[in-house]
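So, here come the structures, one by one.
Shared chain: chain A. Partners: chain B in the first complex, chain C in the second.
This part shows the complex of A and B:
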């Protein structure tokens, strides 16, 4: 039978020790190593970087983009892409603020309206992709724009709550302020919540039927179909889930900023995609891990925070952000090639 | 010509993570020689072929063509030196036309634009040579497996190779088409072309090859002249033990029980490729469906499984009239399907375990979760039962050899508890040892009461396995024959499509 016994390293493998090192840490080794390396560099260069205050600040700042990136991971695993995550977050936060503070609905209802808006956006994405056969990137490009428009209409372009329109001294619901801006001891609650969302996302991907179906649909839609898995239905529910998670992230964002506005979180959709890719998930679907994405968003967070502390101008930060993303993915590709030299055609 | 051999490979080694695919293999092929490469699934045949074609880089070794060293890992260098390959997994571009595929990368141009007439004419020449009479502007996506295979061969011929590598070229072909390919191979070798030929069909190898090299677990077992060995010896060398080939039929399973048929089709069809199918399939029986390429054999399997839902006629499953709109419907009715092309069945990035349980979600525990322990049990059970060669159930299925991937898909249907199995050429690309296991398995399933429709392009398989043989031709069932019928007679009944 096939040789299963331990096999000594071959020449190539020995030559690729470095690559092997990168591969070793649970497959996402490449990204994890870069994260550690990056943190080490900033720890040396910027004395204020390695303080608990600063590190907690990174977590606070990147909790929302992190949650959006988890939604994005689920979608990308199906070989889709969701450009509407940040817009959905803005709509949900705005709707919650407006409905609670301006319209005066009870707190739970405001939550439901906020989260519900995410479900609706996700369902629209899923519907358009499934039944109108619009490519994922186009469908969500549509909602990317339209949903921001709706958010602007809802808020009238002003931050919400806005003084002129609030009912009897209402502002954001207390619960939203707490999860968005509160702390549990020294730890920001928003970071804990993001951690829970990451765990839940990982659970969905690894342990549930929907997650498995998503992997199959992204990896080989023909085989998935022939195994009785509906490609359309799977994608539909994944987009709904993505909408729901994004809406939740929007509410947290409103809480962190103590107010919502229709334009908040701009650019976070691209940040979320970058985090997913930097985390080692294949843009062409079929594989991906939430753990990788978490590392991905941390890389992005550490980088931006470190550069800030070093006083690098914002314009340069944009440039270096772009370069780092490409570099990390290029490194990952190289690592994969080194790991399975050759492979299939 | 060159006493050293046109193509000389020395000490080729290749290790994939955890698998030694090749260990110091030598191979010498002379001008005008047909050299067969044999071995079980996963023996390393395809890996060796890919290394010679430059698409896989070995860890060690050397490759010479007409005395000159060829650099590894460069398909362009290999092609420039005259190495042409037909991969086991087809590599056509489905969205392009047949002509564009045949001449891929070498489209003739006039004043910088593609000269379509020239392209077409050049392609037609090669298509004729392989006996494919289809309009060259057909899209490859519209072709069946056999036709694609022939296009692939035409493509390989179109570069006027010095060495032609054929990795299981006949696995999708009927016997007639295979014979035609042999004719082409003989013409090529007469002009000094060297051919390396991978096949699991030993009968064919004995016919066409001059010499044969056997690999086992990545090691070279022996290189022999074909006159020195028998089919049985070859099989023994490959497997490392005695093998009894498919020709030794086990007791046939009992036919038609008293019950209603498990599957009954009346005037079922999907014109224009399939029409007017009358079919009854009983529990506990194996019905072979034999047909040449284009006879509608594969289409019948697809229609019965809901992949191409039927558009005419009626279908009853277990006595109940049903509508099939998708494979999900068919699976819910207890059906399973194995495609001739593994690429359509396996999800390469998912683990072997996940691939095995993929169609059995309903049994995977209540609620939204997949019960981990259940999955592990199912996976180990079928990996053992089907002797799937994999280190751990959690390895990605894409790393398995072709034959083992096919077994994973069979395992999927055993796992889902399918009672009606639609098998379309399930032994395609499976080695003799594994084939035997598949046959035994199919028989055992039928003995346990499953109804099996066994579509095949090999008459011997149709006769050995089937309780009866349905012969297809021109999109419908031409006749029903006893398994004892002479091969020639079966072929004649199937030949209607050519006439």
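This part shows the complex of A and C:
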């Protein structure tokens, strides 16, 4: 490369440069700070909050919403949104349970059916958005409802496996129980798995062609075209990937609950969006990190757990949850504006 | 065989013939300017060639391959890159990343290699970075040094335009379409870019087609000038021929009062 030349900055550029430093120093840092503050407050107020047992419990409980939020992150950086993640998880878990315990298929086949259902839902989302030009939010609102319906049809509205219909006295496959409810020493396996998914998701987003294309598509679709990126193809595969990850999360959820049902995980799609946004990912696409999302889901988890320990009623928790989400994002917006002095967006 | 050739190219928006039965050709190694009054169909022509929109009829042949029906990324892979009248950058990406994205179509590492960070993946990353830096270094010191790591949104307007050209260069095109590259630049920057466009052809070997309103730029760089009006080619030739062509003057200034009204 040529010599690094130092040309003097103009006044505006100097200010912009400072603003840019501020912005990049914030981002995930802001959410991390809030997480630490929240944890500190609960550590003081709630007697049993800061015990390893409780902290591991938070990880166990929020592993599945966390994985869904990682899928959601990949979609949101493309400026899309996937309302069907939780429904897909419920369908996949239900299909796995029903196919294994009721239909009597072998264990690996049940896994394939579960994960495959996620690929199908993702492909349907991607197809409808790409070829029928249906807005992302509408397409996935459709699957959000339809997929739950299919899950209800598959399970007959009953928990699966349901005693009356099992063959050969089967319940959930052992492998599903292990990853969902087992632990490795003191650490819940489900939390470790979520950690691996987060690492893989981060790598996909930052290092692979698909991930970088996703960032580009969300950042500026026209510029993406000009850079040789197919916007339609990128979004299609991102939705397929989101479906696959959601399906995997659904199997873990079935394992954690020792049973699947068509309505499990309701509301988790909104929780996943909240985690993504709290984690500093731009809802309008083009910027975001999986690390931020992990912090986002931990904020939600710590908040709900801490309030539980403090004995705050569920009704109030819903209120405070909403307030915190809006407050964190408002803070982030304010920081960005202050940072760039109206320089962008 | 011309590098780019259109035959009977037509694009209609509602009742408006934005491009009307257009035949033109660009030879390899040429610098061709497309001029014409506002609404003459210049940008529509670029949009058609780059696959952003599809024509209603006609052919667009690039090295003999018909581009009609191909998606923008496929056309880019064949070797046509463009810039935009209104700069389109990834605002939140750094200068270097913006230039690196340009090579997206030319990379092959899949997810497995990326996650395992195989030597092949790292070598490819290194090559992408080097090529991006090479494209950026073409603009002297304006886009390199500390600027490599700055996000695009802090750049000055002229630098954004330069970065967009660098991104297009990084796609390793044969044909470069520049849509008003000097719009919004001051006279000094315009002069500098005029020289740079000539260097893009002479040193990098790109064939260049540009839309330009600044006649000093057009005079400075063009081997050939094509003037469009209402989507039709009304004149073609050297700068001098086109600039003195009566129909061109009419198109820009209106018809003589003698003929009625």
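Quick notes
Here is the rule we go by: the second predicted complex is superposed on the first by the 316 of 345 C-alpha atoms of A that agree within 3 Å, B and C clash if a C-alpha of one lies under 4 Å from a C-alpha of the other, contacts with A are read in each partner's own complex, and residues count from 1 in each chain.
As a working rule, a contact is a pair of C-beta atoms (placed from the backbone, for glycine too) under 8 Å apart; a residue touches a chain by one contact, two chains touch by 3 or more.
What you see is a predicted model, and the numbers here were worked out from it, not measured in a lab.
Looking at the shared chain after the overlay, A:208 reaches both chain B and chain C.
Judged by the touch definition given at the top, the superposed model places A:286 against both chain B and chain C. Contacts of A:220 after superposition on the shared chain: both chain B and chain C are touched. Judged by the touch definition given at the top, the superposed model places A:110 against neither chain B nor chain C. When the two complexes are overlaid on their common chain A, residue A:200 makes contact with chain C while staying clear of chain B. Contact with neither chain B nor chain C is seen for A:69 once the two complexes are overlaid on the shared chain. According to the touch criterion, the shared surface of chain A, contacted by chain B in one complex and chain C in the other, consists of residues 1-2, 4, 7, 13, 207-210, 212-213, 215-216, 219-220, 222-230, 282, 286-287, 340, 343-345. Listing the residues of chain A that touch chain B in their complex gives 1-4, 7, 10-13, 207-210, 212-213, 215-216, 219-220, 222-230, 282, 286-287, 339-345. Chain A meets chain C in the complex at residues 1-2, 4-7, 13, 16-17, 19-20, 200, 203-204, 207-210, 212-213, 215-216, 219-220, 222-230, 232-233, 282, 286-287, 340, 343-345. Across the interface of their complex, chain A is touched by residues 13-20, 42, 50-51, 55-57, 59-60, 73, 87, 89, 91, 217-218, 305, 307, 326-328, 330-332, 337, 339, 343-350, 354, 358-359, 361, 364, 368-370, 372, 389, 391, 398, 412 of chain B. Listing the residues of chain C that touch chain A in their complex gives 50-52, 71-73, 76-77, 81-84, 88-93, 101-102, 104-107, 109-111, 114-115, 117, 130, 133-134, 137, 140-142, 144-146, 150-151, 153-154, 156, 164, 167-168, 171.
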